[in-house]
Amino acid sequence: METHNAKRVEIVIEAPLERRLTDALEEAGVTGFTILPVQGGSGRSGRWSREGQIGRSGMVSVVCLIRPDRLDSLLDAAFTVVERHIGVVSVTDAQVLRAERF
Amino acid sequence: METHNAKRVEIVIEAPLERRLTDALEEAGVTGFTILPVQGGSGRSGRWSREGQIGRSGMVSVVCLIRPDRLDSLLDAAFTVVERHIGVVSVTDAQVLRAERF
Amino acid sequence: METHNAKRVEIVIEAPLERRLTDALEEAGVTGFTILPVQGGSGRSGRWSREGQIGRSGMVSVVCLIRPDRLDSLLDAAFTVVERHIGVVSVTDAQVLRAERF
Amino acid sequence: MGEILTLAGENLLSPIILCFALGLAAALARSDLSVPEAVAKGMSIYLLFAIGFKGGAAVAANGIDAGLLMAIAAGVVLSFALPFVAFGLLRSMTGLSRIDAAAVAAHYGSISIVTFVAATSVLEGRGIAAEGYMVAVAAVMEAPAILSALFLVAKGGSSRQQDGLMQEILLNGSIVLLVGSFLIGAVTGADGLAKIESFIVSPFQGVLCLFLLDMGLVAGRGLRESKAGLSRMTVVFGLTMPLIGAALGALAGLVIGLSTGGLALLMVLSASASYIAVPAAMRVALPEANPSIYLTLSLGITFPFNLTLGIPIYVAAASALTGGGL
Amino acid sequence: MGEILTLAGENLLSPIILCFALGLAAALARSDLSVPEAVAKGMSIYLLFAIGFKGGAAVAANGIDAGLLMAIAAGVVLSFALPFVAFGLLRSMTGLSRIDAAAVAAHYGSISIVTFVAATSVLEGRGIAAEGYMVAVAAVMEAPAILSALFLVAKGGSSRQQDGLMQEILLNGSIVLLVGSFLIGAVTGADGLAKIESFIVSPFQGVLCLFLLDMGLVAGRGLRESKAGLSRMTVVFGLTMPLIGAALGALAGLVIGLSTGGLALLMVLSASASYIAVPAAMRVALPEANPSIYLTLSLGITFPFNLTLGIPIYVAAASALTGGGL
Amino acid sequence: MGEILTLAGENLLSPIILCFALGLAAALARSDLSVPEAVAKGMSIYLLFAIGFKGGAAVAANGIDAGLLMAIAAGVVLSFALPFVAFGLLRSMTGLSRIDAAAVAAHYGSISIVTFVAATSVLEGRGIAAEGYMVAVAAVMEAPAILSALFLVAKGGSSRQQDGLMQEILLNGSIVLLVGSFLIGAVTGADGLAKIESFIVSPFQGVLCLFLLDMGLVAGRGLRESKAGLSRMTVVFGLTMPLIGAALGALAGLVIGLSTGGLALLMVLSASASYIAVPAAMRVALPEANPSIYLTLSLGITFPFNLTLGIPIYVAAASALTGGGL
């Protein structure tokens, strides 16, 4: 089956910033993304868990498949939001089916 | 620690099709997969979120670790289900521990 | 945007062992990880789903971004916990922003 | 007419309608108010269980009569027939493609259980009794419309493999729960009801309020995010089809001789459009149909219309038709 | 005998049993009906809190007597002892390995709180009072059986490092909640109960119905998806072990002089098998044991048996043994 | 003084406080007891809806008077002013940075709705009436403090772009739900309340118990996992600021002539610190501020203090100040 090169970008960011991040991505011309819930984690600021929390707390994971040549503009857009906040950005090489969608 | 080559296939697909997809995977001889919930996303058909939804709405993410030589049969099986529906398929190179399991 | 090499380790493990695994990771000097909920799956021990379950059942997915040179100590730590239990460990090459965090 | 207005006015100022309006307004204003998916599903399980059980207990109290079978037959016929009417209207009034029109039509042949529940509350508030078995009629009306839609598409040439689809539709969670709790209510009767009354009767209205808050939030988010941009004629369809459905439902109900309350409920069922079972079935069976068209129409246009104006109209009409004053 | 049949018949047609049956049937028929995990957990928190609090308030009302301590001691002894009986049976009757047999045995020494709750409902329905502190007995019976299982495996040679396991078991959420709410009920007594009565008493039966619907769904899914294929003798074990457990529980209860209701509940606790606390502990402590064996046995065989036939038998036996008629 | 002690003792032994203590103890002991996020959110929606609706219905019953507007004005002024007091104290007493101090200050200007609800319960328990519109005062006090904090930081030199922040704060889910249900209660009045009373009144205390169990769990986990290590003076701040806030609230309440109950509630609002709306706003607006400082202070120190000792003190003080005996 024919596949096409792509980048898989995963941004773990604080939930209250979700809308700002996705707005920035859309402005940067990103055509699609998928948001996964995050249950807990640990980092320099300690451990946390979503259990029993109320309010828009915790983090979410935003996954973006994108054409390699558009990676830089995506990262720039993401960075404006992530920069001053808690968040982790990683990029992996991937192959996608149906390249026309990206 | 010794690791072995594998492919990590991630299929984001509409929740009502989850069973069809996993049935197709099992028929194609896929020995294991893990289903992650998806909280929301955006694509050509607009933004969506699972919040407050009832019924089998939204999408799920099915992750499959597989021996490289079995990738094509997996993609063929997935494609029969994804083809006419909303869904995104991506493949990444990975290493796994305990290759005998895959 | 400048990125840095990293490894993305994904450990799918039974929920009752979550704390043991994360304790082992922290002991091995892992600085951060993110825990994603898992909704269901299939493997040699059959299909399962979290729906309607009570108690600490099912699995979780622990994702760890780490400097390549620290991969082995992480895998060793993870393996002590995963070894006798149900669990899947995979590693992918990744790039991260802000390497100083890892 | 005056009566309809009074009834509509009272209805508009009831807590459940105001909760729906609050949710709608919050979503349109982009508030981050939201009900967790699990809680929304939990409330829908509660409502289906309560309404099914109470219906079954009512049937146990009154005994089964020929009316039950006739009403069920009427429901099945309506659910099969209404999509053809809807499809015809859509194809002549709007520019929707055959597939989109068929998908929308399936929704209007099927039913909205929340609209049904809201109507039940209005009837109770006015002291109008209804046949307990109307819940069973609601259950049997969920699925047939889907078959009609598939038939309409097949006639258009594109045949499709649908292994297991029928089974999936009939075993849809909401149908199973509604039918199952109806049977449990019918078997355990007044004794069973007495045991769980303070769970399924007393707090019912309050849960319904929060549930409608959530429906408002979901509907509002749908209207805001939808890329569909419904054409004006499509919106007109969403406002007139309920009235046509109600009229056909009234006809059927008069033929089989329902009481005032039963007639009103059959009109409500015919007028209402599904937004749970049918959308999921459409994603599987007619994936090419655009979901934002049928969801926006059903949940964003027809549901609020029925909730606010439709129900008072149908109740008033049923009263007039059966000779009972309001 | 006739009494048992009447009681069993009544029991089988109660809403809670029918809800369990509905869930079981829906899952076996592959319906997609499901209760969200969060809602199921929320209901279990509600049930544990309510049952603990009511038990504590009952103790506060009746005062603490020597019976409380004796009953707790009896519970601890039973929980330690029953796994040895179960293990012996399993090793002689079935082909299960030492580790699988030990893991199963742990489940049968521990208890199922839902079975306990269902039995409480039956007793209430028949107007049979029981000692309020039986809830505390239930709590202390959760954990000891796990130690017995580990001992049985250690005897077999494989020693294992279990740092922190004991603490994890004793601080298991359901034990903490049950004991904690029991203490709160005991401290706040009748006053406290009055404040929250319309939350923990009135809707209790209804919540139990929905919870059992979920238990049926989970049990049915387990039976359907299980790759275990329990051997016939293993199934026989799942049906006889409850009776043996109940007999031993009856013996202990008679020795310490429980009332009819208390005796019935101690029999129920001894007869029931855990499917929450123990499975999680087994995943940590005996990961080589096959979970689908112990889950299927406990939730798919013994739980429905106790719920339908077991409870009426134990209640009838307790009545006969204490000289109280039904 | 004796009265305060009696009141505090009674309060400490109420089910809701004991549930909080149970959660706290379970979390500190590392039990895995936990309430699912969706259930916790569901309960908070229930509580906000119930408290808002009941407040609105009370206003509908008593009519709107000038007091309502004055109380709202007082609330806005207090919410704007208290952060300046808190900021001054923090900068002089503790070593917190300007940004951390401003973030903490925002929390103390805003309010904790659960503390408010707990105080309402205490008042009800003592038969002390309060103005229904105090709920509206609670709602308007949520947000202004955030602006004061931003002003305090801006004065310190770091200006920041905050597009859409204000809108986000005002449309925060909890504010919208509280205000919305207040309005619905006010519009539908006694009729509306009668319809949903057995949902929002009777089970209220019980839901509050489980909610406080969860708050205890979250607070305990926060205390355990926090890497903040609050300095001793910061803890002292967390215990004295509520008293200072309450004193200022009392002053304002006396000026506008509130009743005993209303005065107590305004003191409680002023004394309490936010842990829902403000933390989320701070993550967006002042991300450099350390969340574990403000969360630990607000939820781990001030909330338990108010719940256990604060409320009895404020109620006793309000009684003394308005000449009403306890």
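Chains here go by letter, A, B, C, D, E and F, matching the order in which they are written, and residues are numbered from 1 within each.
Just so we're on the same page, contacts are C-beta pairs under 8 Å (C-beta built on N, C-alpha and C of every residue); 3 or more make two chains touch, one makes a residue touch a chain.
Here the structure is a predicted model, which is why all the values come from computation and not from measurement.
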Practice task
Could you run down the chains that neighbour subunit B and subunit C together?
Solution key: A
Practice task
Determine the centre-to-centre distance between subunit A and subunit B, using the mean Cα coordinates as centres, and give it in whole Å.
Solution key: 18
Practice task
With chain centres taken as the means of their Cα atoms, state the distance from subunit E to subunit F in Å.
Solution key: 41
Exercise for the section: Enumerate the residues of subunit B that touch no fewer than two other chains. Expected result: 36-37, 47, 49, 56, 92-93
Problem - Set of subunit E residues in contact with two or more other chains - result: 32, 34-39, 41-42, 173-174, 198, 202-203
Practice task
Please list, in label order, each pair of chains that touches.
Solution key: A-B, A-C, A-F, B-C, B-D, C-E, D-E, D-F, E-F
Completion exercise
Note: in the complex, subunit B contacts subunit D through residues 14, 16-17, 20, 45-57, 84-86
Handout entry: subunit B contact footprint on subunit A (complex, rising order)
Key = 1, 3, 6, 8, 22, 26, 31-37, 60, 65, 92-98, 101
Completion exercise
So, in the complex, the side of subunit D touching subunit B is made of residues 34-37, 40-41, 44, 173-174, 214, 217-218, 221, 225-227, 275-277, 279-281, 283-284, 287-288, 290-292
Practice task
In the complex, go through subunit E and note every residue touching subunit F.
Solution key: 36-39, 41-42, 45-46, 49, 53, 167-168, 171-174, 176-177, 180-181, 183-184, 187-188, 192, 195-196, 198-200, 202-203
Handout entry: Contact footprint of subunit B on subunit C as seen in their complex
Key = 10, 12, 36-44, 47, 49, 59, 61, 72, 75-76, 79, 82, 88-93
